[in-house]
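Let me begin by presenting the structure, written as structure tokens, before commenting on it.
Chain lettering (A, B, C, D and E) follows the sequence in which the chains are written, and residue indices restart at 1 in each chain.
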Amino acid sequence: MSNLPLLTLVVFLPALGALLIAFLPRERHNWIRWAALGTSLVTWVVSLVLLVNFDPSQAGFQFVETAEWVPAFGIQYKLGVDGISIALVVLTTTLTAISILASFGPIKERVKEYMISFLMLEVGMVGVFLALDMFLFYIFWELVLIPMYLIIGIWGGANRIYATIKFVLYTLIGSLLMLVAILGMAYSYQVATGTWAGAFDYLTLRGFGFDPTLQFFAFAGFFLAFAIKVPMFPFHTWLPDAHVEAPTAGSVILAGVLLKLGGYGLLRFCVPLFPDAAVQWAPLIIVLSLIGIVYGAIVALVQPDLKKLVAYSSVSHMGFVTLGIFVFTEQGVQGAMMQMIAHGIITGALFLLVGVIYERTHDRTIAKMGGLAGVLPVYSAIFGFFVLASLGLPGLAGFVGEFLVIVGAFDFYPLVAAVAALAMMLGAAYLLWMYQRVVFGDLSDFLRGLGHHLTDMDRREVLTLAPLVAMAVAFGIFPGLLTELFQAPIEDLLAQIAPAVLAAGGR
Amino acid sequence: MDLGLPPTVPFLDWAWDDLLFLALAGVMLAAAIFVVIGRDIVRSGLAMMLAFAALAGIYAMAGAVVVAAAQVLIYIGAISILILFAIMLTQTKSGPADLVFHRQWWAGLLAAIGVALLMIISVINTQWPLRVAERLWSPTDEVAMLLFMDPLYVFALQVVAVLLTAAVIGGVFLAKREGLTDPGERETATFQQLRPTSNLERLPRPAGVDAAQADQA
Amino acid sequence: MPTDQLLVLSLMALPIGGFALTALIGRRLFTRAWLIAVPVMIVTWLIAMYLVYQTLFVGAFGVDGLHFTLYEWIPAGDFVVEANFAVDALTAVMLIVVTTVGMLVHVYSIGYMAHDPGRWRFFAYLNLFMFSMLLLVLADNFLLLFAAWELVGLSSYLLIGFWYNRRSAALAAKKAFIVNRVGDFGFALGIAAVWTTVGTLNFAGPEGAFELLPEALHEGLMEPWMMTGIALLLFMGAMGKSAQFPLHVWLPDAMEGPTPVSALIHAATMVNAGVYFVARANPIFSSAPTAMVIVAAVGIFTAIFAASIAFTQRDIKRVLAYSTLSQLGYMFAALGVGAFTAAIFHLVTHGFFKGLLFLGSGSVIHAVHEEQDMNRMGGLWRKIPVTHWTMLIGAIAIAGIPPLAGFWSKDEILGESFKNGFQWVWLIGVVVAVMTGLYMFRLMGKTFYGESHVDPHIEDKIHESGPAMTIPLIILAVPSLLIGLAIGFPPENGSIHHWLEHTFEHARENLGLHHAEYALFGIDGALAIVSIAAAAIGVGLGIYYFGFFRRRENRERVESMTERLEPLYVGSLNKWWFDDLNDLIFVRFGGAVARAMWWFDVRVVDGAVNGIGGLTQSTGRGIRQIQTGRVQNYALGIAAGLLVIAVTYMFMAR
Amino acid sequence: MIGVDQNTILALLPPAGMVVLAFLLVIVDLARPGRDRLITFVASAGFLLLMALTVVIGPLPNIGILTGPVEVFGGAYVRDTMTATLDLLFLAIGLLSVLFGPDYLRPRGLPAAEFAAMLCFALTGAMLLGGAHDVIILFLALELMVLPGYMLAGYAKRDGLSTEGAIKYFLLGSFSSAIFLFGLVLTFGFTGTTNISEIADVLRGGLEGAGLAPGFVMGLALLTTGAAFKIAAVPFHYWTPDAYQGSPTPVTGYLSVGPKVAAFALILRLFVEALGPVKEDWTPFIVFLAAATMTLGNLVALSQDNIKRMLAYSSIAHTGYILVGLAAYGASAVGSPAEQAGLQAVFFYSIAYAFMNLGAFAVVAALQRRPGVTSQISSFSGLGRRAPMLAALMLLFLLSLTGIPPLAGFWAKWYVIQSALQVGGWLTLLAVLTMINAAIAAFYYLRVAVYMYMRDAPESTPAVSIGRATRTGLGVAAVATVAIGLIPPVTIAVITLAEQAALALL
Amino acid sequence: MSQSLDAYLVLSALLFSIGTFGFLARRNAIAMLMSIELMLNAVNLAAIAFGAFTPQLQNHASLIALLVMAVAAAEATVGLAIVIAIYRNRRTPLVDEYASMRE
């Protein structure tokens, strides 16, 4: 097994699939669909092989693959995986396969382009998680943008163009400034060492210790890119628009993986590369996270549109991720990681569920819904399940992350934890209120008007959600499955930034 | 050649050269000004020839007799004539001032005065490091030797040759009248469309507020 | 794995298995949807009883009880939470109440839910609840308990909202969950605080939080205020779950659920979880005297507050709900004054008689065709005698007339408050005892006695419920009658006191309560007389006003009294406007805030984003104008540029 | 005497070959009038041959008969790596432009021969500019480059817009030439020489202690203005949108890259090589021009509805980006690595930009093969369905122009930013401004993509068909755009080329 | 005065400015072209002036002037060709009326 370039495989298999699809006749929708699903499943299997062979006890990167790329700048093709990234990779491959399956029904036009876009999206996403070279990372980072731009822009809703351009521009501004930061960092390395070799190598840079001024600004550059992606208040406004307009599978990936790119970036790059700056910036970030947590939840309360509600809930939930990372405690970071995985599963599922109802009603207005429980029992049950998971019911995945973050934050400063914990109440409020309005009560006139079109979920739809249910339960009851993966890298990370925290007067 | 003139201009105590210089300069500037402000463009053309002639005289005074000759031959003999022909081809004689001058001529005047002031101030305040007090002469033979012996000018001459050829080939193509009507549709057909219309795609207002309206754009 | 541990696990595994199975195939069992859930519950009850026997009577697990770990639930570096369980005396006592009432309610539901098409869901939820409740009492660490805490909340949510197409039920369910979440907010923070302070979340053992926290306080590692803070945060959770003022608002609304649910969850088991938890956490609370006072105050205030509302409610279940609040208030008052055993004792007795009362009321409601308004009842005692007699037992028990169950526990609470120096608690408690008798007999009178106000159409159809419902009533009547004597006699020296002696050792040490002999002919006797008198006065007043035989005089007395006490009456009738206050603060004001924030988000935050975009575009459109299309303008621009550059050059040149 | 030795022949062969090719095209046209395909074939074959010749001659990194810089004609022309690199680039530009020509010209009844010949003459000028080592040659080459350019702009002579663009271009161009020339003469008077190396030597020597004479400073100002005009830097860019919009589309493509790169060659030879010693004096202006140019270009491009005009403004913006590299050179300390990095950025950007921008214009031209197709952006509506391949290529070029990795345009920005960061200080802000501009630019580039993929074409829109030459050219441009970014050996080759070219200047 | 470099340069500057003014103010394309010719002549004058007072430049200046003349001729050719072409299209030599393309 060890001879196979597993990481390269898992990154570029989807690209291979996309290439294959490019040669399939355009009107053969089913061939294309199955080819895409097959590709994503093979990728998924490869990612599982990776997971099985992964040794969680090591902190360092495994399966590292290195090849020279542009030696003049020390740019390499370098992939590697540690406990943090492998979980996200598997999440990505899983959600991609599910999303592709979920697109079988809704996507009826330009299936070929759609599937190619989706597979290329997977390439970018997996690549971001695996890249160990700053340059390579940046390439994958931008690669994610284009397919998503097309997916929202072509297969999206009525106001899709506005949403997709906003999404791209917003993300691009962040990432371009990140590019400046990457280059500044590399150059600073070059000046200090006199060589370009290793100037883009994550592993080399990580232990390098840049000078404080550079750290401060480079951190700002990276942070902006990631904060927009997460998204943190006040950079979040692209998210509701993008979610509302994106097709269902797009929303799933957007919420499930794309937002994680931001969290991952903060954890992988912002903190370890610039520990001093991270400590310096932490108070601001914590405050913004808290605002995001509370604000997202409060705004979610009054959303009239299901997708917008879930989108704002993402703002709230992802606030826990940034909060957890920047309190610099083991529990906080563990919680942030757990929260990312859980949010990926749960919010992904919620978007799938919204998609199911949208496909039947072509509407997502909460006010027009009501009484689904009687007509769509299976749907209502699964919906309820994920609503509960999302509000952090213990025993399901969403709880562990949130609670760990609260514990970590409490360790940092109790008041912070108190504000964050407000989300427990608010989350219950907006989710249950929404659930009550959609599922309980008498069947609304609008829904009654749909008559026999209002059918319960079919087998394919259940199949898309079943793995997510299983994961939500499994990670709720056995969070150790994940925390063990994260443990070593997180300890490593915290040990690395400990001097900076100490220097800043922390514990 | 001794005309028995006094060494300097009487009363003014100028060198005769200076007087000649002033005269030529005066003529040249006057002609040049007429070129740019004359209403009748044909006369402007003629004034230009005059200015060039005066300039040729100044060249000669500055010791560049070859250039002076070339000035007469090329500028007066070729370029000016060319321009006059072009005037004839395109011109409907003189017109009122607003046809001659752009409405913003005064701004142009200011700019020109500015340029003049700047240039004059800067050149006067400059100690040209290489200058000598005495005016030098450029003997024709030396110039000729230089032109045909110095590799630089040999090369330059070749480049100029190509340049002129290119100009001629292109000029002929452009100026050549073709009797045939254009087989293809002309882009002029779309003049109206070229005027900027304002159905620009602008960022609409927040989607939640007027999504439907924004989408119509 | 030892058998005992397997048995403990099966206590939880059986109900959750029953839940899963019923959820999956229950629908196909049609009217026999109970076929899985009820047997499962009976087996669970048997196992529980075996464990209770082993714990309390055999002492097989020693004084510390049985503790074991299943697996590491959340391993996150230093932060390790195990899935560990314990069966000790306190748990065993809880098991008695929980499984017995639970089992009986299951059986009762066979009859009660027989005609509801969603019965399979009902039984599935009931099993889910039993799982959660058992997990709650068996959990041996804070977080696992918290998980169970939330899961019972979930079951409660599902069961309250069981009739989902009723808007009021859906709203009540949501309200219950959210209000509980408010409590859990504090609870979660409390847990975080515990971990931050001592680095463990386990309850027991030498490395458990209950050892380490007081130790830390002793060794000066933490300030007293921190202990108080932790205690109060944890207490917030208890307030939510046990519906203490001001988080009491959800419980009356929760009566929207089917009546067996009210009996099981909202009277006998779940709402007691707060009491259980505070008792469980007695080492923490007893180390924080300030917190104790607050607990006592909240408890006793809730007791009188709820009782005052119970006077005027017309809905039979709501009266019982407020009564439950009031009794829970008693329990918290007991906890607050340090009478932990008394609190648990009252929890047990209350569990039985309140379960009985609720099931009885269900039977009544069933009989009058889902009518809950007591003004449309009356004179039912002949038509549904079993229900009547069992409920009467319950009413006397709750009123505190000896020798029924309620007397012993309530008397102990009042007595200990007095003796522990909380005379004010005692005083209010006595008043509440009067009120209890009064409102209970108001209920009995309006429901069973006097002339009938039942709708004539259904008058003839009223009949006693079937055996599935009456047998549980009869069974429950037995402990309501006797359990006080059985486990609480002699006073302060009954079996329950022996059982729990070790559990509350810590608390006694911390509070420094000396354990004086019970003085029947001393202060204790005097206090007992006072409480008997109070109960008697209450019952007497109830009979006086609402009578066994409803006569004109009764009504006139009531009317004249309400006229005299007009403000109090109106306040009580409107539940002291608490629901309106909540509506105002959370729904109206909160909604306005949320809408304002949304506006802010769309207009200001997003507006800034779009504004920057728009500004960029309009700047571009503005600059665009300089491209006039006229060469002279361009040339002028170039010349101007040249001038600017030249002048700048002049100034900048060396 | 003039020694016509082997070196002279070798050094001058590529531009001379270009002239020969131009004449050959005219002769072929005279012999066989109207054979457009033949002309295109001859021209492309000639370009390819000359490219091969250039590679053989060198001096390129590790290749070429020449191994180092060669000065001929008494130092008037130099063939160093910069010359060779630019020759190759100009030849590639010529090849692509010639390939893109016929599809547009033939339906409009315009001959290919004169187009190709003019192109050859213009490129001769450009190539001479790349190697000019004497300001006289520099000026003559400049004129040789721009004069055919004016005529190409007015090539569709019966088209009002084309001639209008041409006359604007011509008038303003001549105006700026005069300004530039005056600057040259003042420099000439100040330094007493026309040779670029000698000017540098004089300036280096004459700067000891003494300040600069006002006359020379005025000369610098005039030169800056003239050069800024030629590269279309703001505020001397006015001619660009009109000339680009009016010109026949393949010509626009050429104009947007050929003269621009050539003008940068001029700046490199004149400002870097000759005026390098006084770089502290002119650098602030370059910084300002860079900032103003990219910002204004992008802002105005935002609201354009005509794609040629939009791309014109976009090319202005790109000028700004290239200027950042120059600014980095200027602002860095003499002999520091940033100096080289800045110049390298200029070269790399020029190369990448040439391919992607030509490609984008080629797609526009291909669409306009059917006369009547306007250059409104709306004519791209539904292209994703109508011509998926063409749309995909357009998307590729647009993404590259945006600077999305791993395409060529990304590397170009990368280089520019990197060089600016190496200098630090104010240049860091310039780098940030560049990135912000890149984000603004994404908006209008993506707008085209919106039309292509997210809007439907009107019912009656005819099918798109493109000729073989265009197809070949598009293929070349696309392959170059991708390969420069993605395929390591190519990337490295281009980097090395840029590096060596930059070193040749220092 | 004729022995003074400054005098020639000032004269050149004046001529250049007059040309500039003409270019900026005139509407007629040919008049603008003539203005450019004036400017080029000013350049030539400056070159000759430098040649007359700088030994190193003495003869070079003349040659530069000659080359500039050639360039001017080529420019005039091209310019006039374009003018004629546009005149055919627009029937006016007034440049500021050619404003179909703007903004």
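Rule of thumb we're sticking to: a residue touches a chain if its C-beta (ideal position, glycine included) is under 8 Å from a C-beta of that chain, and two chains touch if they have at least 3 such contacts.
What you are looking at is a predicted structure, and each value in this text was computed from that prediction instead of being measured.
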Among all chain pairs, the one with the most C-beta contacts: B-E
Chain occupying the most central position, where position means C-alpha average: A
For subunit B paired with subunit E, centre-to-centre distance based on mean C-alpha positions, whole Å: 2
Subunit A and subunit E: spacing of chain centres that average the CA atoms, whole Å: 65
Where subunit B and subunit C are represented by their mean Cα positions, the distance between them in whole Å: 97
Distance from the mean Cα position of subunit D to that of subunit A, given in whole angstrom: 42
For subunit D, residues contacting two or more additional chains: 136, 140, 143, 147, 151, 154, 157-161, 167-168, 171, 175, 179, 186, 189, 192, 194, 214-215, 217-218, 241-242, 245, 303, 443, 447, 450
Set of subunit B residues in contact with two or more other chains: 102, 104, 107-108, 111-112, 115, 118-119, 122-123, 128, 130, 153, 156, 160, 163, 166-167, 170-171, 173-174, 188, 191, 194, 196, 200-201, 203, 208
Of all residues in subunit C, the ones touching two or more other chains: 606, 613, 617, 621, 624, 627, 629-633, 635-636, 639-640, 642, 646, 650
Subunit C-touching residues of subunit A, taken from the complex the two chains share: 166, 169-170, 233-234, 236-238, 295, 298-299, 301-303, 330-331, 334-335, 371, 373-374, 388, 393-395, 399-400, 403-404, 406-407, 409-411, 414, 417-418, 421-422, 424-425, 428-429, 432-433, 436, 439-442, 477-480, 483-484, 487, 490-491
Sites on subunit D touched by subunit B in the complex: 1-3, 19, 22, 26, 72-77, 107-109, 114, 117-118, 121-122, 124-125, 128, 134, 136-137, 140-141, 143-144, 147-148, 151, 154, 156-162, 186, 189-192, 194, 206, 213-218, 245, 303, 305-306, 371-372, 374, 376, 447, 450
Of all residues in subunit D, those that touch subunit A in their complex: 384-385, 399, 402-406, 410, 413-414, 417-418, 421-422, 428, 431-432, 435-436, 438-439, 442-443, 446-447, 449-450, 453-454, 488, 491-492, 495-496, 499
Residues on subunit D engaged by subunit E in the complex (per definition of touch): 136, 139-140, 143, 147, 150-151, 154, 157-161, 163-168, 170-171, 174-175, 177-179, 181-182, 185-186, 188-189, 192-194, 215, 241-242, 245-246, 309
Parts of subunit C lying in touch with subunit B, wherever the complex brings them together: 602-603, 606-607, 610, 613-614, 617, 621, 630, 632-633, 635-636, 639-640, 642-643, 646-647, 650
